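First chain A sits with chain B, and in the next complex the same chain sits with chain C.
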Partner chain A sequence: MLLTSVILVLREVLEAALLLSILLAMSRFLALQTRWIYIALTAGVLGSVVYGQYLGTVSELFEGMGQEIVNAALQFTIYGLLLLIGVLLILNRSGEARYLQLLQWAMVLAVALAALREGAEIYIYLIAFREQAELLQGALLGALIGGGIGFSIGALFYYLLLGLPRRRRLICALVLLSLVAAGLCLQATQLLEQADWLPAQQPLWDTSGLLSENSVMGQLLYALLGYEATPTPNVIAAYLIGLVLMVTLLISVWLKTRMPGVAVDVYV
Partner chain B sequence: MKSIRTFLLIALLSTITLVNFIAALHGYRASMEEAQKLFDRQIMATAGLLAALPVPQTGDRVVEENDLQAFQVWSDGGQLLLRSGNAPETQIGQRSEGFSELNFSGFRWRVYSQRGAAGHWIQVAERVDLRYRLADEVILQSVLPILLGLPAAGLLIWLVIGRGLSSLRNLAEELRNKRAEDLSPLTLAAPPEELQPLVHSTNALLNRLRASFERERRFSADAAHELRTPISAIQVHAENLAKELQLRDGGEPPESLAQLQRSVARMTHLVEQMLNLFRTTPEHYPARFEPIDLHRLAREMIAELYPAFAQKNQEVELEGTAAQIQGDQFALVILLQNLLANASKYTQDGGRVVVTAIPEGEQVLLRVEDNGPGISDAERERVFERFYRVGGDRHASATSGCGLGLSIVQHIAELHRAQVRLGTSSFGSAQTPGLSVEIVFPKTINTVNDTAEDIPANETTL
Partner chain C sequence: MKLPSENPVRIFVALTALLLPMVVNAARPVLELEIRDHLFYPSVLKIPANTKVKLIVYNRDPTPEEFESYELNREKVIMGGQKAIVFIGPLAPGEYPFFGEFNPKTAQGKVVAE
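So, the complex of A and B:
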């Protein structure tokens, strides 16, 4: 039970922790208050418990595919928020400090939604062990190990980002946000495949022999780059579309704010 | 980074967690594999034992076994000779030697088949779920301490970092406690290697600062002192010249000579004020604190300076009651002289000056008010700068002065740990709001370093 727990909890915690690290580091660079994180996490955890409680009702929606559809919708919403955050970060770089408030709230919402989605998965998983006392210890221990590894990677990643040289911070944050955002599109597409909203397809390749999704490294790459050992064409298309859309938008905003006369040499 | 301690705690704890948990995970996996091998060897041993037993020839004997294992012994002809109570009557494995995994009796089993010497088949099976759970239970017990040890590790790291940062904290504490004028080197006992450059450069900076202050003070004091003699000589010569001219020509001496004498007087005043300023620098002044009644001292000083007030028809009053402080007589005389001279000098003829000295709780208030032009809010900060004069040169033509008076007052106040406040007079008018200079002295001076040796024990309390 332990190994299953580790992988499941690690996957959920890592996804939320990496997103949180990137946004928190950007908040620090912009000298924003970091108290928002408490609001976001509290809202996310409470939300995930409520979501877990009403899982039955949610699942019955969309002909029994409610959970997948709602989760996919959550992933797409977070993707949209990351897009907004990326654009605001660039605008802020050129001195448009008036967007800081909006940026802050976009961060709160993105982290709260991520915490809600990932927290709900863990909550639903652990709730299932309530009745099986003999498996509970292993499951909890696994959850602790998975959570510990996930949070540790998140914390170290955060300090790594804080140590970035001043001039590279923004570009690194944007690259990371784009990758995470593309990963979200990939996951949402997988959920839609599970819900039969998209046709099931044969995987294009299988790299599980090279790097298993069930290893810590596999999980890290899954959270950071959307690593998938057996991706279907749909999933790859979703990843690429998500990535290209975000990168194009960010580059165009970047170039616009760099127009002569507008460019202000302010780095985040 | 908000706090080095928090950063180190989180970063170290994360590293320890990451490494330990991944190691625990790896250990768990490896131990599970080993446990499975162990169980397999156990099945093989049971099978070997059964093979070594004499083959029963009666058929279907049933032996009670525990839940974990089940076995069957089949004759070469396909007759069930011996089985455990939990084994079915149908054959549970293939007739080929080695391991296989099969389902029967509602569970999944790992089955080992072996051919006996007499050509019979021995099949021993073990429940996969029980094997797994047994191993899991044992191995979890070895993983658990790693998890439970983490809070203890966190606490220890917190304490150790606190200990490691103590010298940094001491340094910060020493710097915080240092008074602005205290330029003595830091006395951190045996600073760690990492802090040594910081302590050294701070001390070097303090030394340079002290040397430069000292140079400046000495130069100005020496210059002022050296100027005294020639100025006195000029004064005497001017006097002599006035007398000689009077003897030779009779009548009034020429106006240029009178101007010369006034300039020389102003210069004498300037040199005296400069000397006073440098003498009263708080870092260098060898203060001798003794109980002094500020009210009485003010009365004496008013009496001494009365001619100046009388000359301008100014009314001067003293209010308040006996007000004792710990003070330096010489410095306080200079302070009062400056305040009174300023009040007289800058207040119009027929003006009014009120001096108040009164105890207020643990403090003593000395206030000098006049109904002269006063000082605007904008200029109040600047009047303490050396050589700064309100209105710039406009004053110079009307009243002699050098712009050092309030700097001297400030020095002497600092020396006594007193606060200087400038405000408008309580009896000024719209055109002449007047100036109020308030100096709040503490009754006793409690300083860590300097006064303890200056004040005799019996005089520390009043």
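So, the complex of A and C:
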């Protein structure tokens, strides 16, 4: 039970932990208070319990496709929030302090939604052990270890981002956010294919021999870039559209709000 | 003024070509899979290659399970006593392993497309 728990929880936690670390690093970048993280995590945990508790009911919606549709909607919502966060980060890049309230709440919501989607699965998995006391301990310990590894990888990312020179830090974070966001579009599209809301297609290529999704590296790249070994044309299109849309928007906002070089260079 | 008279025929042909795949889709095969004591029955599921199939997974256990497959790009939580519908394929001929993420040591199976 121990190893199963470690792997399961690590897989689920990784994505939310990476997102959290990027946003937390950006909060530090803007010298915002980082108290929002407690609100986001509390909301994420409570949301996990509620969503997990009602997942059986949710599953029966949309002719048995409720789980796919709700999860896809969650992914697209987080994508929209990351778009908003990216734009607001750029608007605040020289300490303008604009829309900070909105930015913080967008971060809270993005992390909370990411946490509750994955957290619900962990909750459902763990709650099944409540009547198997002899297994519960191993499962809980495994969950703690898995969660610990996941958040450690997040912490590593956080310190890597903070270690970068100031100007490059923002650009790196925006690139990472765009990749995570495109990955969300990919996952949502895959769910819609699973639900038969999008036509079925054969994968365009298969790179599982090169890098298995099942491997540690595959999992990390899945969380970070949306790595998929056997993507269908629809899934690839969703990834590219999501990525191009976000990058184009961010670049155009950046160019429109270009500050006189001196003002930015002071911080570099 | 020759062209307009040909149009209805063309439209009919075009519509048939468009609708035919839908008719074929409607007749997609349905397969059933059961989870009992954290095991899949049957553990080998043969499906026609290059065809989309509707897979109904019954979880007969009181505990939840997650149907998961990297090769099929599918993941779905199935609560204890519930059933779930998962569409898979069209698949090229080959083997596609799946497992129960909550009990991966025992709940193992594969789809064989041929």
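The working rule: the second predicted complex is superposed on the first by the 225 of 268 C-alpha atoms of A that agree within 3 Å, B and C clash if a C-alpha of one lies under 4 Å from a C-alpha of the other, contacts with A are read in each partner's own complex, and residues count from 1 in each chain.
Heads up, the rule we're going with is that a contact is a pair of C-beta atoms (placed from the backbone, for glycine too) under 8 Å apart; a residue touches a chain by one contact, two chains touch by 3 or more.
Please read these numbers as outputs of a predicted model, since none were measured by experiment.
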Touching partner for A:46 - first (chain B), second (chain C), both, neither: neither
First (chain B), second (chain C), both or neither touched by A:55: second
Touching partner for A:190 - first (chain B), second (chain C), both, neither: second
Comparing the two partners chain B and chain C, which touches a greater set of residues in chain A: C
Which of chain B and chain C A:67 touches, first, second, both or neither: second
Contacts of A:172 with chain B and chain C, given as first, second, both or neither: neither
Touching partner for A:6 - first (chain B), second (chain C), both, neither: first
Residues of chain A contacting chain B in one complex and chain C in the other: none
Interface residues, chain A side, partner chain B - complex: 1-3, 6, 134, 137-138, 141, 144-145, 148-149, 151-153, 155-156, 159, 162, 216
Interface residues, chain B side, partner chain A - complex: 1, 7, 10-11, 13-15, 17-18, 21-22, 24-25, 28-29, 133, 136, 140, 143-144, 147, 150
Chain A - residues contacting chain C, complex: 4, 7-8, 55-56, 59, 63-65, 67-68, 121, 124-125, 128, 190, 193-196, 200-203, 208, 212-214, 228-230, 232
For the chain C and chain A complex, residues of the former touching the latter: 50, 52, 63-64, 66, 70-71, 73-74, 76-80, 82-87, 89-92, 101-105
